[in-house]
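Read from first to last, the chains carry the letters A, B and C; within each, the first residue is number 1.
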């Protein structure tokens, strides 16, 4: 449906869904950039955020509590996974890291299925964010606007953390040269644990923020993980700005393709990735 | 203490055992609850897994997107058969297999541009793209989410004998035959020179390419082969159930394949079959008998994680470690046997005397750099270097740390291109042609830090290099046994003798002592039979005795070759080299005979003085 | 299991010569012909092996995980209730199958269920397991047409009767019909034909419709049938938004619809897709501007999205439990189900129950389990006067049950009398008038032997 009103609304919509994708991908890419581990359990952590929030919401009926609970719980799970399993894999080949996180992802998904069943669960958006808001050129769900604002704030927070703090300095130095960071005598162990926790938290946070839009099932993270792969391949693995730009690009591609023919939206996303690979294999912001 | 699982069962033993198991399975396994249908499916997964194992277990390429080829092969075959464009089921399967391979060729060109995690992610994404293509845009052909029903049964007609394969056990028999043939072929591939290069790529892709193998072409070839196995397996699934399901394209398919292969043990060809047996059998048992319902997958997921953490090489690896543990002979070669070896001493001493050392005799320039510079951003590593080496010469290169020796060496060997200037090897311009081409032209480099193939034995390590000489940078000799490569064994034996490593021939290099590893490092460069050998600090980290022995070795090697040696051990180098080039701050400071360099005031001031003071 | 071994070996040695052996022998998976039990009929499928003892096995093949898990579990309950009624000689089942005493032809009915994970592949795997391992005489169950279509063909191949549970695609008894499969539930064409006149009456003839269609066969056939009936009466189809399979986010499609100028939203989504798309349509404010129509309601939809979103929504269903207020047999079913499982049955449970009852009737009529005779009994055209749906009968040409379709309308929360009281039955449209010609969708049944 090609007309100006629709084009502008789709453009905006792509921005909103892209922002969420950017946040999840940022978590994935920070972990990879710092620890050198591609975390295939990231989709499962996203899912876990939704469920943790769902439980908290059932108990307290407060959406804010649910969001905090979802993010914190998944952050803790991330730290526990890092301490108990992932850290033993830093010295093992890339492939082993991929395999172990893949396995952990399956275990998390199946544990949730064991506990909650396969039925979809849902959380209502808070009453004050229900309904629609007029943006002039279109009506848009208030909650999605809120999501956009929250995600933008979260990404801003991550940016400050990475570019304005000592931890961020270590993380970014680690992305450039991990051995140098070692040599500087920084407590790498603790940094790694923190980074894994933050990356997991980003996924869990996105999971609970997303829950009022998409009802949660144990498999809700599967597709998200693959979309994140595309995002980081486009943006450049390990690059924080790459994840954000990649996420927005992915969101726009899917939204704008849907305007013309939705059945091609996913295909176009992967075609874009193939194009980037052919022209700039290291990704838009990648260095290696 | 790891024995490569590949060595389990020498000769035809593995094939024999597999054949027996396949024949006996229908008689023994139903008593523990396995059905014909289950066994047929296990064989299909096993066949699918053989291809994956060639890709991952042997070449080290972890693909999470094999479903793309499984589905493509399956749907191409099913479509052609269901629409009656092809009548013969076996022909349909063959076309499906070829189709999957062709698709893999295109996907591989893109996906193989990256390695490691990138490769894994890209394969996932491509597979997902195929899933969406199958479901919507191509649904007119593929049946979309309904898949393709009515895939016909295979028929074998020989003369008046006409058999329609239909009953579950007949299907099993057919799958068993196809699997067996697939296994035979894969065994030939891994035992071929081609397969040997694959394992080298897995262990150390950089070095495999440095000793003259065009690894991208090998990777693409094995990617296509793996896809052909996938496509055939997909087609067989359609034939088995008379129905091609779109689930073939899902991420679950790829994930299950990976998990089965790891559980069974990768790098063994048979591991995926064992993994599939465990998976399908446990799925049935846990679901029905144990009454776990959907929790079956949780149990298998936990098993998978535990295996990755504790027993990375899966069931097959665990078993072969057990067997290897008590079968392994305790070889004990004194580390300094090489250093005391009189044979080499005699050879080296004698050899050196015959060599024409006259610096005045006219010689051809075999290696030349003209006005070469290398810049990294604002940092100048090498500036305007002109340098040449004559045939038969031993050239030493010295200079303080950071003088630009290593960068220059990397440019000589083709590992990095110069920013400006040109390189010539035997008069041929090699600027920017890459390390593989340079090696194929007859120049090879030994590295300052060992770049070996750690899981391979000494003999296998040296074979990797020797193969590039006899076979060129790429050759698709999939079914030729290594033993049929002309002169390979003899050359390797000679090289090992020269290196004093004959006793260690069948020891994985990861288990060697440091000095031995250094010799393998030199051997890897030497076994490509280069006319010019670059040696980057060959004596680094060696004891005085080892140094002396290695110097003798280098002199022996130099009898028929041109040598360029970077070394910090001045005494050793000055005693060996015909001429010395001194690097300082990215430029050539001086060049001349050892005596001239020792007398050069600039050099003394800039470099030697400092060293002697230290 | 030691015997299997010998049988297996024997079958493989006895390589089948085409045409030289009875076709029946060809598909007998394993086993010696036990003529003693079947003097009248040759072995075929699992006959006579599957009924050699005092029991007969029914394989229940439903999704228990994945998107359709809830509908699958409900369906399984209906099937198991029917089996319990058969074995107990319950009155309800005797109404539908008057010759039934206890069990089927005196044999106790056993059953087993397997999770098909909403994957056609796994469904086929499970069914094969039931047929070869358990010697099932019937396989029943589906929540998606992909599964039903796959099992249709498997049944024909294995010569074992298959009964789809939930399957809305026209193809199931259209181009993918087989001799061994019988569908009892309503489907795209009959649902659309039933709801269209109600919509035209309630909403008027001058409406602009936007469609949200899942991009697979079920979705396409419902779309085709709906546009055919509504456009003929004057509705305009403004846009058709195809949703890729399993897409969780509908925002881009909903924006297209929001900007299309439509005033009716026809949502063909099923299962989780329906839940997500309705909720998101609400968030985008679409439901305030447009009337929502769900031409093929999935079980538990109202429960999952909540009554406030479903109020005023028109849809069709295979069965709705409040029909019991008008029909004693329907009431008997709904009450029995609620007594056993604690909630009023959804339509998957009903379809499952009805399928088992109708199968028992066919077998009792045939007097044998020999599949071709059972199929003949199915095809005899006899009207079943007193089912849970009133009068129904099988169409011999395409094995589709001629049956009424329920057009319902969502109730407001305030009007609900109980937790499951989501819909008002607007009309129960008789089956005869809402079906296509038997060959219109390309059905060719194939051979019984």
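Quick notes on this one:
Everything that follows uses one rule, which is that a contact is a pair of C-beta atoms (placed from the backbone, for glycine too) under 8 Å apart; a residue touches a chain by one contact, two chains touch by 3 or more.
Everything quoted here is computed from the prediction, not taken from an experiment.
Simply put, of A-B and B-C, more C-beta pairs touch at B-C. Nearest to the common centre of all protein CA atoms is the CA centroid of chain A. Between chain A and chain C, the centres computed from C-alpha atoms are 39 Å apart. Chain A and chain B have centres, each the mean of its CA atoms, that are 35 Å apart. Inter-chain spacing, taken between the CA centroids of chain B and chain C, is 53 Å.
Along chain C, residues 64-65, 215, 242, 244 each make contact with two or more other chains.
Counting partners per residue, chain B has 132, 136, 294 as the residues that reach two or more other chains. In chain A, the residues that reach two or more other chains under the touch definition are 113, 118, 263, 266. Contacts from chain A toward chain C in the complex involve residues 1, 3, 5-6, 9-10, 13-14, 16-17, 113, 117-120, 122, 125, 130-132, 138-141, 143-144, 213-215, 217, 219-220, 223, 254-255, 258-259, 261-263, 265-266. Residues 26-28, 30-33, 35-38, 41, 132, 135-136, 139, 143-147, 149-150, 155, 161-164, 166-170, 172-173, 237, 241-243, 245-248, 250, 284, 287-288, 293-294 of chain B are the ones touching chain C in the complex.
Residue ranges on chain C touching chain B, taken from their complex, read 1-2, 4-5, 8-9, 11-12, 15-19, 26-30, 64-65, 112, 114-115, 119-122, 124-125, 128-129, 132-133, 144-146, 149-150, 152-154, 157, 169, 171, 176, 215-217, 242, 244-245. Those residues of chain A lying in contact with chain B across their complex are 32, 38, 85, 88, 94-96, 98-100, 102-104, 106-107, 110-111, 113-114, 118, 222, 226, 229-230, 232-233, 237, 263-264, 266-267, 270-271, 273-274, 277-278, 281.
Those residues of chain C that touch chain A in the complex are listed here as 64-67, 69-70, 215, 239, 241-244, 246-249, 251-253, 255-256, 258-260, 272, 275-276, 279-280, 283-285, 304.
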